[in-house]
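Two complexes follow with subunit A in common, the first pairing it with subunit B and the second with subunit C.
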Partner chain A sequence: MNASIIKQLILKDWYFNRLPLLLFTIIAVLSLGLFSINAKSTFYIGLVLIISLVVTVGALLIFSSVVNERKNQTLAFIMSLPLSFLDYTKAKIISNLSVFLVFWSILVTGILLIIYYSSHLPNGLIPISVIIMGELLVSYVLVLAVALIKESETWTIVVMGITNVGISLFMFLVAGLSDIGPYIEGPIALWNSTAISIVIVELILAISLIGIIFYLQSRKKDYL
Partner chain B sequence: MSNQTTGEDITEPKQTGESLDTATSTRFHYLDNVRALAMFAGIVFHAALAYSPLMHNLWFTTSSQTSAVLDMFSWFIHLFRMPVFFLISGFFTLMLIQKRGISGLLKNRALRILLPFIVFYPFIMWSYVALIGWGINNLENLSPMLQFFKMMKDVPDTPPPELSTTHLWFLFNLFLFVLTVALMYKLKFFQSKFVSKITSVKFIIIIFPLVLVPALVTQSVPHPAPEKFYPQLWSFGFYGLFFILGSMVFLKQNILNELNRYKKGLLAASIIIYAFFYYSLPDTISIETIMVMMAGNNYNLSYFIKQIPLAMAEAYIAVYMTLYCLLIGKQFLNKHNKAFKLISDSSYWVYIIHMPVLLMVQFLMTDIEINIWLQFVISISVTFIIGMSTYFAFIRWSPIGWLLNGRKKKTV
Partner chain C sequence: MTDYAFEMKGIAKKYPLFQLSNIDLKLKNGNIMGFIGPNGAGKSTTIRMLMGLIQQDCGEINVLGCNMPNQQVAAKWNIGYASEDMRLYANQTINWHMQFIGSIYSNWDNKYAKKLLKQFDLIAGQKIKGLSHGQRVKAGLLMILARRPQLLILDEPTTGLDPVARHEIINELMDVLLDEERSILFSSHNTQDVEQLSDQITFIDKGQIIQSQDKESYLQSWRRIRLEISADTILPDLKGIVEQRKSGHQAIITTKLFNNELAETYRKCGATVQSVETMTLEEIFVSEVLASRKNSQHNNGATL
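Take a look at the complex of A and B:
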């Protein structure tokens, strides 16, 4: 393992995404502000913006650091470095996940704090918020896995489209669960077995997907 | 050479001038044809509302018979027919700017969009009032909406209903979008690297639908028409963005070729999302529900949790089906066809007059027991025949025809 080059590749991805990420973080903070206002339209728009931002940042990261790297021949340069394919995979997973998780964590923390401290939002919203944000994390890791494993822009776009469409279906299904839906407007965050199970399944899925990426990438003999 | 259009259609400029570059001098037959089909899809949609269980309490002409199949089909059309229209309009608007400049565009659009709106609006409004009045006084089986109007009429001091742009809302909104795009062009938005960069398959398939959701989430589901007599922000955030996307597509027409490989996926995704969307709709919407939704700022979280995924579903279907229609149109309708040309030429006029005609036809069938499908076919056919025949008999070669489609003359 060439730790020094892996570190340089991670820093490169951070560096090239710093400006869009700064912009998206500012928009994210504004969205959290809208989310916290006690009015129907701003609340809706704030929450929709938050979901859209998570999807957009995920897409930006995956396309700029994985898909376009292959498309724009940057990979040809990386191939010349003393770096195994598994090292390259490690660098991509760490850079992508670290950036995404920072952004995602800011939003999750912001949402939870706003729900907890605002008088107009019931704490019952906390479990479903965590579950939905967890689904966005799993979707992101799934698309990252497809981008790294399939190495195809078309496949990445198709899976990203499917996961985006899946967000709406997922929200609807979760809100319809008898152990989740009726407690959304409750005064306390009810972490019943269903809510906890969904979050655990999401975590297992995210971790498993990362494992699958490493397993499948380790079977590849070369970059091409 | 056959007759050539020397004036303009609702959204398309005339094709003249050998000095113009290819982009502005090519005739986009498939866009003409798809736009005409989108206009006629409006007639089908409005005709189907009479048999919609969902709209039973809210539409003027509701039959005693309803059809879930018809309902499912018509709401599917509803989600993309106007986005298709606005995207094509945006495409031709930028084409017109590049041909004639901003002042030329504004002059042309004022003549083709604003003036017809001003001219036809009083007649359309009067016809609605007259038809509804006639329906209330003469029909035995009043629809819940007509019963409501009748009740309101009998209550003294009832405030008059808010003035609406009726189904001509598309003209009103179209002109506002033209002004917006003209301003954006003036500010060099379309010439920016940003626009060039985001006009990509990735952006259109992944991000663009999400950009539409904030507008849709503020509206009831299925989304209504933005028919108020003032600019409605959500209309800019939904239809307006399709219009801008159309302008962006004009600047990067190759994007449609790039999108072609996703065509089947776009259709499949739309159908899957629609199945969920339709399943999630209520069986029917009552007048009380609409009044509560319109009145309050007090939100209900259970309602909102369902509202966001439904708005997302609407956005994805609108974008994916709009793209699918363009791509399928480009594949099969990108040729000059006399029949389509006639339909295309008449579509503007037919759309303007279709609602009063349709209401009249459906009112006349209200008290007669006819099979629902036969009623549906009759209402569409009669509306279509009246629209087309009046166009060819009185409009095409008249000043009204010149106003709508530009003056036609024989060329050698």
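Take a look at the complex of A and C:
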């Protein structure tokens, strides 16, 4: 593995996104603050804000480091460096996922802690919150996969649009499940087999998508 | 170590509407090859295959002793590549790019980079988006020259430049050539640049190499001969004649196999040799391409 160059590419992507990410992290912390206010309406406003933030940060990362690299013709500059296309793919996956996962983990941890410690939010919200955040993670990895594999701005935007619409549908579907819906308002976090299975499937999907990216990228013959 | 900076043998690459075929090309260490061809001839595809960015359908490519594209990482440590469609990061400064490249290449020569900055009249703190096209090309060249690569691959480096910027870049490339170990492949539409810099000329048209030769002997072998002829003069169909144009009592012969006996042969046929003119590379290029197209049309017609 071409570790030193992959590291430089990752550092470059982090450096390019440092300011917007700082801004989004501040907004995310403020959104978490809304959760702790003792009113049901602020919880839902906070939830919508957090979902929007996760989607926005995902889009920012994918567009600035993958889509724009090709669109702005800086990919030729990067590929002139001593690295293979698989090295490039590794760098993009690590730089994207690492930042996204840190941001996502802060929000998941924040949401869970607030629900757990606040008296006005039922602990029954914990499983569905984890499931929804898991779906956001899978959506992000899917869009990243399309951006890397298809190398097309149009395809990336289309899949991003579909996944965004999918979030609302997914929330509606999950909340409608007989093993999930009735327990959302409950006092305890009920981790039944349905809830656990959904989380496991989400994890498997995210990991499989990363495997698919590497498999398809390794079969490509033309990189520019 | 191989004597050649790169070698391409029997290369082919097929696309739905275009194909490169029978590409055999090699460049000796320390030599400069001018790679000339019309738009869409296959210059950039050939160059990208040399860089390992496009995989050939068949044939072998060896660059600096590395098999391409499999060993592209090892080869690219010693290749400086710039192409017309390559861009630096618009929102970053020249200095940021210098540091970025410097962090990757241990042989990055910061002193030389600063010298080039001055020579190219660039400001380190300036963002790429604020540079003119000429300045961007110079900044790109700085990034590759300051790491002193063994092989420079430049895909249309002077396209779109004003005469002054072009002159500066050609001059810098000439300085680089003082290092006899460094080899350069440089493609261009501008035959003047190629004529000035190269010691080997390669023409490509419609995905095929139509000529690859040492520049001096190549230029010497081409001549335009002006003849005065009478109505009944029959000009012989000699080997190497690329074009024969008659207008009244005038005939203009273009040959790619000129020798001193040729004029004598025409005299013997009853023609008067008015002049034997040398040709510019551009004139030769146009003649070579047109002759090649005529030949392939003729061959296609014969096979139909």
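Rule of thumb we're sticking to: the second predicted complex is superposed on the first by the 222 of 224 C-alpha atoms of A that agree within 3 Å, B and C clash if a C-alpha of one lies under 4 Å from a C-alpha of the other, contacts with A are read in each partner's own complex, and residues count from 1 in each chain.
The rule is simple: contacts are C-beta pairs under 8 Å (C-beta built on N, C-alpha and C of every residue); 3 or more make two chains touch, one makes a residue touch a chain.
Predicted model only: the values in this text are computed from it and were never measured.
In the superposition on chain A, A:Lys12 contacts subunit C only, with no contact to subunit B. Judged by the number of subunit A residues each one touches, B leads among subunit B and subunit C. By the document's definition of touching, neither partner reaches A:Tyr117: not subunit B, not subunit C. When the two structures are aligned on the shared chain, A:Leu83 is found in touch with subunit C, with no touch to subunit B.
Judged by the touch definition given at the top, the superposed model places A:Gln73 against subunit C, while subunit B stays out of reach. Once the two complexes are laid over each other on the shared chain, residue contacts for A:Ile157 go to subunit B alone; subunit C is not touched.
Once the two complexes are overlaid on chain A, none of the subunit A residues touched by subunit B in the first is touched by subunit C in the second. Within the complex formed with subunit A, the residues of subunit B that make contact are 201-202, 205-207, 209-211, 213-214, 217-218, 261-262, 265, 269, 272-273, 276, 280, 296-302, 304-313, 316. Considering their complex, residues 39-41, 43-45, 47-49, 51-52, 55-56, 59, 63, 122, 125, 128, 153-154, 157-158, 160-162, 164-165, 167-172, 175, 181, 184-185 of subunit A touch subunit B. Those residues of subunit A lying in contact with subunit C across their complex are 2, 4-5, 8, 12, 16, 72-74, 76-77, 79-84, 87, 221-224. Every residue of subunit C that touches subunit A in the complex is listed here, in rising order: 48, 51-55, 72-74, 76-77, 79-83, 85-91, 100, 103-104, 140, 144.
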